[in-house]
Amino acid sequence: MNAPYDLTAAVARAPAEAAAAEAPLLELRAATVRVPGREFGPFDLRLAAGERVAILGPSGAGKSTLLKLMAGERSAAAGSVWLAGAALNGQPLARMARRRAVLPQAHAVAFGMAVELIVGLGRYAIEPDAQRTRIVAEALATAHAAHLVGRRFDTLSGGEQARVQLARVMAQLWDVQGALLLVDEPLAALDPGLQIELLEAITDYAARRGHALVAIVHDINQALAGFDRLWLVQDGRLAGDLKPGRAALPRLAELFGVELQWVGDAQHFAVAVRRRSTAGAA
Amino acid sequence: MAAHAEVAGAAVARAVPAVSTAVPGAWWVGLGLGAALLLALLAAAMSGAVAVQWSDWAALAQAERSGGALVLWELRLPRALFAAAVGAALGLAGALAQGLFRNPLADPGLLGVTAGAVCAVALVLTFFATVAAGLPPAWRPWVLPLAAFGGALAVCFVLDGVARWLMPGSIAGLLLTGLALNALAGAVVGLSVYVADDEQLRSLTFWTLGSLAGASWPVVGLLGLALAIGLWQGARLAKALNALALGESAAAHVGVDVQRLRTRLIVSVALLAALAVAWSGLIGFIGLMAPHLVRGVVGADHRAVLPLSALAGALLLLLADTVARTVVIPAELPVGIVTALIGAPVFMLLLRRMALRQGGHA
Amino acid sequence: MRKLLSPPQARRRRALRAAAAVAAGCIAPALRAQGAPVRRVVAVGGSLTETVYALGAEAELVGVDTTSIYPPQAAQLPRVGYLRQLSAEGVLSLRPTLVVAAASVGPPAVVRQLQAARVGFELFDTDHRLDGVLAMARRLGGVLGRADAGERLAAQIADDFARAQREVAALNAGRAPLRVLFVLSHTPHQVQIGGAGTAADAVITLAGARNALAGMRGFRPLTPEAAIAAAPDLILVTTQGLRQAGGVDGLLRAPGLAATAAGRARRVAALDALLLLGFGPRLPQAVGDLAQALHAAAPARG
């Protein structure tokens, strides 16, 4: 049973309205990814600075592919991707590193490097970097990982490793405004208390700097409580672009093939997830 | 609390001891290794089958050297410096290869360097023996080294090209293609062994055992130059190697040009390892052991690991060669045997330590 | 002013003087005979070492390589390594004035280093003919300052060889030359057979037999097809190789040998490796011994 969430206080200062009048931070125009045997897309999406988007969908639907498309890791076989007004294809890597950061799902780092060295790597593309030491320390603190300074990465637990990687990503975009933060289900292996803490930390961090946040999320409650928009991905295509809320439940239930029930009111709520009882369902 | 997380974070950061991304301890280790290397060079110069006195050092300055001074100048010093240079090249190439494959068990052999060198030498000794015998005598000392060098480079670049074609953009593809090419080279060597006569077989066997007897001042100079270039390149690539440890895609996200880095790494490893192999045959385990030992002491930051691996490799090989030269006087053991005898047990110890550590974290 | 010595001291001094006189008496004639400073020779290559002993110059020998196994006294000398893998410092530590080496000495780098060390270096080419052996004896004699001894040795070898040839002719009178297959086995997996152009081929021919593998040059791996195609009357090995293979039984386990007529009848002849293949001063003896061994092991002829 899921516990009620209360993130309203944490997100109170975040910009409430998407700046639809300004040029979008990220734009996908009929962007398509092709791999042998499958096609993902076309995706037509627009994202403004400061927005928080959760990507939801069943396994294999193409969520990670969409994220990689936005990160510039996969190039669009058809259509185009635009970041901060410039086409993603062909931008110098150092410039891209100042405009978007990716927090991956897998945390493994070779060689057991020191924690502060890894966090410092987030600022690889920034030369010269007089503030690096201070920023690394502050990023570690913000990610609740300050006590891990001096440790070897391969001696950390899964949760500790996730926090160090988060600190790295934060350090990368620490001193810019209006960048893109892409996150691939990073909170999966963490205990619920830590999940809440880190989600708050990410959201707060992004809100202060006007960063847009796009996260692949598997927890429906997290998606509904912490984000401004939901992108539903199914069978390699965008199946929905909704505002989170009670009205989104039917589409979500259809997406995952489950039964969803809203518990509570608009302020304090939880969504109960159950198997489909009717015959013929997935 | 959450609302003021960032302010609190700044306060915590001030309280936390200064987080430095430099590696101050590495300087001390470097000094220590350097001093040990100088001592080892001295010891190597003073030990061997022929007795060399301290007075022979003074006699070096004379135009006509003889006796101990002659041995010192013609044999001991070039050989000691050669051993140090080859060891440094192997250590550095090993560290670069491990950085490229993001794996502490990698060594330049995975890129096909050693396979290519043995292949070329086997071919020259057997199928092309008559061609080699027909060359003018002045060229003959250069035939095997040139063949080994060319073979090593050729296989390395073929490997890179084939890997790009088969599995573009993947360093893991490099590893897999390397395994296949190594097998192919092994088959060619097997064929050469099959058709070799008694003498050729012995020559090939001894070449593969590795020997530093081919030292001479021109070769030392050449290797020293290559080493200087290699260290300079390593200094430029160290930061990128650190970032590469995050993974290829994560490295690209923080701004590393992974393809260009991969090319530069392959070229550096190939040149260093090929030069080392060309004159000394196959000497194993230095490229594997030196970076491991260094990482155990100073951590995994490549800005320290690369130069210190070179120092450690130089020291290791110099010690091994001194042992090889003095343990069965007046004969000498092939140095590759000594490095393997020491290297294999050390390698197993390292594997055990790694396994313990992996099982250790929650 | 002469110091007055006590009786024990005086006795000691007299004894020393006597010993010195005896020693001088021994060395002086040798020095007079040489008329040159003492020679220290390192010999690399079994046949060269043999020749040095045959020339009577073994007193000057200070070191040999590991292939120098004859005469047995040579085993007492310091070893400088294997013929093809010498140690430069090892050779130099014996303070040689002259190094005589077979042409296959190695590694090339060490050869160059020894030449750079201004140690006299003489290379002797291998030749699988009597002329080569005679030339080696003469040249080595000259190099060692024993030209007369060299001439005498060459003449002796030539005489012995002529006698051996007559013996061979007598043994082989009235029969076709035997087909002999020479088998060389380093390890059980690397068994090779010798074709034309090898030392084995040459000595087999000198002994009045025929190399069963005359169609090929050099050494080839032993395969059943090759062995059966060769159809040898006799299998020839070295005693060292036979011991390593585990006797006749072990040898005949090699692929194909057991299927040949020679293998089935267990007709195997073995001679010492250096004697058989060295082409040194014992060549006449090698030819004679081989002819007799072949004759003894040959299939019965009518």
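Observations
Should a chain be cited, it is by its letter among A, B and C, assigned in written order, with residues numbered from 1 in that chain.
Assume a contact is a pair of C-beta atoms (placed from the backbone, for glycine too) under 8 Å apart; a residue touches a chain by one contact, two chains touch by 3 or more.
As the structure is a prediction and not an experimental result, all values here were calculated from the model.
Chain B has the Cα centre that lies closest to the mean of all protein Cα atoms in view.
The most distant chain from chain C is A, comparing centres defined as mean Cα coordinates. With centres defined as mean CA coordinates, chain B is found 43 Å away from chain A. Centre-to-centre separation of chain A and chain C, using mean CA positions: 82 Å.
The distance from the centre of chain B to the centre of chain C, each centre being the mean of the chain's C-alpha atoms, comes to 42 Å.
Of all residues in chain C, none touches two or more other chains. For chain A in complex with chain B, the residues that touch the partner chain are 9-10, 12-13, 71, 73, 93-94, 96-97, 100-102, 104, 106, 108-114, 116-118, 120-125, 132-134, 136-138, 140-142, 146, 149, 152, 154-158, 172, 197, 200-201, 204-205, 208. Residue ranges of chain B in contact with chain A, taken from their complex: 2-3, 5-6, 8-10, 12-13, 16-21, 102-104, 239-240, 242-243, 245-247, 249-250, 252-257, 295, 299-301, 357-358, 360-362. Considering their complex, residues 48-51, 70-71, 74-76, 140-141, 194-199, 201-203, 206, 211, 213-216, 325, 329-332, 334 of chain B touch chain C. Chain C contributes residues 63, 66, 78-82, 84-85, 87-94, 104, 106-110, 112-113, 116-118, 184, 186, 190, 192, 198, 218-221 to its touches with chain B in the complex.
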